[in-house]
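Contents: one structure, followed by commentary.
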Amino acid sequence: MRRLLFLPLALLLAATLPAAASEPYTVGAIFSITGPGSSLGIPERDTARMLEAEINARGGVKGPDGRLHPLKLVIYDDASDETKAVLAAKKLIDEDRVIAIVGTTLSGTSLAILDTTQRAEVPVVSCAAAAKIVEPAAERKWVFKTPQSDALIVGVLVDHLKARGLVRVAWAGVDYAFGQLGWLAFEKATQAAGLTVVANEKFAQKDIDITPQLTRIKAAAPQAVVVWSIPPSASIATRNYADLGLKMPHFQSHGVGNKRYIELAGPAANGVSFPAGKLLVAEQLDDRDVQKPVLIAYARDFEAKYGSRNTFGGHAWDAVKLVVRALETAGPDRAGVRTALESTKGFVGITGVFDFSPTDHNGLDRRAVVMVQVVDGQWRLAK
Amino acid sequence: MDAQRRWRLLGAVGLVVAAVSYAVPSSYVLGILVFVALNGLAALGLSLVMGFAGQVSLGQAAFFAIGAYASGLFSTGLGWNPWLGVVAAVAAGAVAAVAIGLPVFRLSGLLLAMATLGFGVIVYYVLNNWAAVTGGPSGLTGIPPLSVGGIAIDTDARALVLVGFVLLLALGLAGNLVDSRVGRALRAIHGSEAAAASAGIDVMRLKLAVFAAAGGLTALAGALYAHYVRFINPSPFGIGYSIELVVMVVLGGVSSLPGAVLGAAAVVLLVEALRALVPALGASHGAAEYEIVLFGLVLMAFMIFLPGGLAGGRRRAA
Amino acid sequence: MGPAELGQYLASGVVVGGIYSLIGLGFVIVFGVTRIVNFAQGEFVALGALVLATLSARGVGLPLAFTGAVAAGVAAGMLLERVAVRPLRAMPSLAILIVTIGASIALRGGALLVWGTDPFAVPAFWAGPPLVLGGAVIVRQGLWVLGAAACVFALLWAFFTRTYAGAAFRACAANARGARLCGMRVDRMRLAAFALAGGLGAVAGAVIAPITYATYDMGLMLGLKGFVAAVIGGLVSPAGAIAGGVALGVVEALAAGLVSSAYKDAVAFVVLIALCLAQAAGWVPWRVAEEG
Amino acid sequence: MSAALLEARGLGRDFGGLRAVNAVEFDVHAGQIKALIGPNGAGKSTTLGMVAGAIVPSRGGVRFEGRPLPAGRPHAVAARGIARTFQLVQLFGDMTVLETVLVGCDRAGRAGWAACALRMPAMRREETRLHARAQEILALVGLEARAALPAEALPYGEQRLLEVARALATAPRLLLLDEPGAGLDAGERTRLAGLVRTVRAHGTTVLLVDHHVAFVMDLADDVLVLCHGEKLAEGTPDVVRRDPAVVAAYLGEDAL
């Protein structure tokens, strides 16, 4: 019934729009909708779907031919698994014939599909953080990424610590790529800044009690503690921290940039600070910030449909938008899209303002990171 | 099946594989077949353990990982020829199997299964935490492709030819073995250890040898995986993959060597079919969620109703 | 390192050990009566935690939510026995192990479909700041865990040694065929054992949820740790499982605190393999029960 | 008389607190058919198990051809030239009759894993030779017509004969038969007795355990009587039959 009603309406619309008959632009996406990466992958998928609907509601992507092309987004779940990601990439490239790929969610899967996509010469905009994915850019010709690299995030954190005279610091990180890469960046940044790391502990994402690690840290008497993980282990660590009665300043990573962290940790989260993209505190930004309107609009749209905002969805927003912008200048041409991506300048996204170049396929700088503090269960922009 | 017919059949399959790799342009289809062959090779190893030593290894993924890392590390860190890396990987897999099998094979089946599971978890932790050598959780990049006679195996079609050839060769050799004196002794052990020993068969040694062969085969699959994907990290080699291998072997029928490959094909194709099907059904969940439920139910159903597996053997598991 | 840290490691280890003990008891019940290692035991734990989380989020009172969680566990245990284990009862125990692996995957997948991947917070049964005991901090919910382990153990002990049904259970464990010849309903006892194990798993899940949160995939690792606890205790002894769990929890906490936290989770599996090897070599004063 | 082929000295085995076998001593001479008899629970099968290496003695040991037998390593005992059958028939799952006997020929084969996997010519010649040998042995026990059948499809009596064939395939100098007559009817038992005599005639010594006294007394050259795990009497069937202790132990059993 409904279809019958829609049909004449659609025909009417088609007649009025200038380029309705043009062929769609097909873009692929691979997200970790299930598996350990799903808390990142699901908001990424939701954001991508939201953008697709939004763009198509406006008629589609305006290609270099001046016509509007509907955007067709083909999304696959890699279940946070490297093998499945590789097959998904091959399927997007050879079966769905996509012009570009958005994703994957995790660093491991992004590195796993690297060989496939580079050889097939398909541009990829990853939503995973590891710097290795795009460095060296000369070798990783076809790959770009939207999340801030660890060095960037950690750099802001370390400057924050140093500015407050917190020079004896302790570290506790989760034992997978996120924690490992965070530690490597932290080790380097603290050395450069002259801070002393008095403890380096690891814990597992499935750990149910991180008290022993924190007890060790307590014994090392640091002036500040940095915990690098995502919920639920990040929340458990936060609660254990409060239960142990530790009073020194407590820092976490951008991995806790969703409301679930605060829900799980409860009042123990109050006072915790972490470096993150500006999305969480969009409303508190200075009005002169170019990102502010973009952030507020995205947060409003996302929260209307899917619940509380988080920075992971923002990574997908940037990735899809970047690809769409490239399609506008290059059309359905893989090499052209790549070139267009590489020459992107001053793109105001959710994660930051992107300036890609042949030597930089991340294109962000420190302006993309702020310090956020949890106050009364809400995010506050730290000064 | 006698040896000549088996080799002729394998040869014919080999020709089909070669034709497919030449004629099919889609790297997706070729990629699926490569993963079927890689999983088939790994499952072949486990099927030797389950079908012929009568033991269950719940840590077989560890051998896959050992093979992948041995070859990956030798060819990147030490700059060896990748083929030398593959040889080292097979040796590492076999040695690791003997090292773990020597003490645990004296245990009853259940404890042995749990001990292999523990071994699998420990290997995973070592790969994940010994970052100085293994690259840790973020893995190892830049693994070179294998090359044959100066031709780099860096396309899906070439990889399929190579991995398919290795798999068929392994199937043929394992088939020969099972049909020989050694194979008879293995089947005898599976039937009755006491009677086999009374005929002068050294049960422990033979079981260890099977475990070593299985470790080597699974490690070989891991090494080929590393040079095909050219990136490895620990996360695909956890308990989940060990159990997936058990599912493949049970699906194919535990004592059937071609069955293991069939089981691997069934699992890989099922996953891909679900990926195509689930979004088409308009479900809000990811395909992987249904896949997990289905895996569990299929594993139970085959154990209960079809212990002979897809290949329809008469023997039962373990 | 001062005594304060050592005290804290012990306190944390005992609480975590209590969790392992509770889960280990479920393995002991099933193995004791049926000589089956039930790989799905951990999934009962997850089920209990998730049901409790859902019910309390809907505003159901704690006692009722707890009862609901346990009922779900009992039902899952009985279903598993009826559907998967009974048809295979004449099969080697390894075949049944594989079936229970299948069941655990299916249960986990089912939980994923129902509850999704997000962890759920569950309020502590007894709100308030943690207790301080000689410098060591113990969260209040930890006392619930230990109390539940003690209660369950006491009830099991009373049941096995003080009641006729308990004696029948033990007879069935010792010799299923003999028990059947004496007119015991062995099938019914196996069903009861799985029901009991399911309920016990759910109790464990419910009391630990405020500490660990409730997630669909929490069962695998907790189940394995519980299994190691049961193996340390000899796999057939409830008292052994309690002691084994506490020992494992303390060793893990000490390993993380005194040696290195990088390999903390590997400790349980090193212990498992070491025990298996020691038994193979005949070095252990107590035996891990073999299949019957 | 020459030194004994097999000498058991001070043999004992405890199960928990129970002394299943204690201080049992006996010799088996080359060319003999020797029988171990005794009531249920006398320790006959345990004693045989200790000789075969399947059970580790708690005390004492066994020497074969002057050298001690390895305890608890049945395959090593088999390698020394001792073969056995089982109280409960132990076949190999779905093997055929011929394959079952070929397993017994395993020790006569030399081809290793590589030779088998590659089907080397030497390995194939060896297979042909082993097949011929297995057929010969099947003919000896009268199962040649059954070669291609699944072993488990044979009637029970023939399964017992097949076990003997498998044991003979190892070319043993000493054959251990554990309750070979159990579950056989009179005709089958006669056929078995004939086979045992043929085996002896081919130069293989036989040590058998049975509780069917008439069958044993008729067949054996020498009889050892066990009771409650200890040696009660030893000698020729006639001597044993008249032994008052044996009569007392078997009181009420008409067979004597």
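First chain written, first letter: the chains are A, B, C and D, and each begins at residue 1.
Here, contacts are C-beta pairs under 8 Å (C-beta built on N, C-alpha and C of every residue); 3 or more make two chains touch, one makes a residue touch a chain.
Given the structure is predicted, the values throughout are model-derived calculations rather than measurements.
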item	value
Any chain that touches chain C and chain A	B
Distance-maximising chain from chain B - centres being C-alpha averages	D
Between chain A and chain B, centroid-to-centroid distance (C-alpha), Å	35
For chain B paired with chain D, centre-to-centre distance based on mean C-alpha positions, whole Å	42
Distance from chain D to chain A - Cα centre to Cα centre, in angstrom	74
Between chain B and chain C, centroid-to-centroid distance (C-alpha), Å	32
Residues within chain C bordering two or more other chains	112, 262, 265
Set of chain B residues in contact with two or more other chains	129, 285, 289, 291
Residue list for chain A, restricted to those that touch at least two other chains	34-35, 38, 175, 202
Category of the chain touch graph - line, ring, star, complete, other	other
In contact (per the touch rule at the top): chain pairs	A-B, A-C, B-C, B-D
Complex contacts: residues of chain B adjacent to chain D	3, 173-174, 176-177, 180-185, 187-188, 190-192, 194-203, 209, 213, 314-315
Residue ranges of chain D in contact with chain B within the complex	52, 54, 74-76, 78-79, 83-84, 86, 90-95, 99, 102-104, 106-107, 109, 111-113, 116-119, 123, 126-127, 130, 163, 166-167, 169-170
For the chain A and chain B complex, residues of the former touching the latter	33-35, 38, 75-77, 79-84, 86-88, 90-91, 93-95, 107-108, 111-112, 114-116, 119-120, 130, 132, 175-177, 179-181, 202
In the complex, chain B residues that touch chain A	25-32, 35, 128-129, 131, 136-139, 141, 154-156, 229-231, 233, 235-236, 271-272, 275, 279, 285-289, 291
Chain C-facing residues of chain A, complex	34-35, 38-39, 42, 175, 201-204, 206-209, 211-213, 215-216, 218-219, 231-232, 235-236, 243-245, 260, 263-264, 266
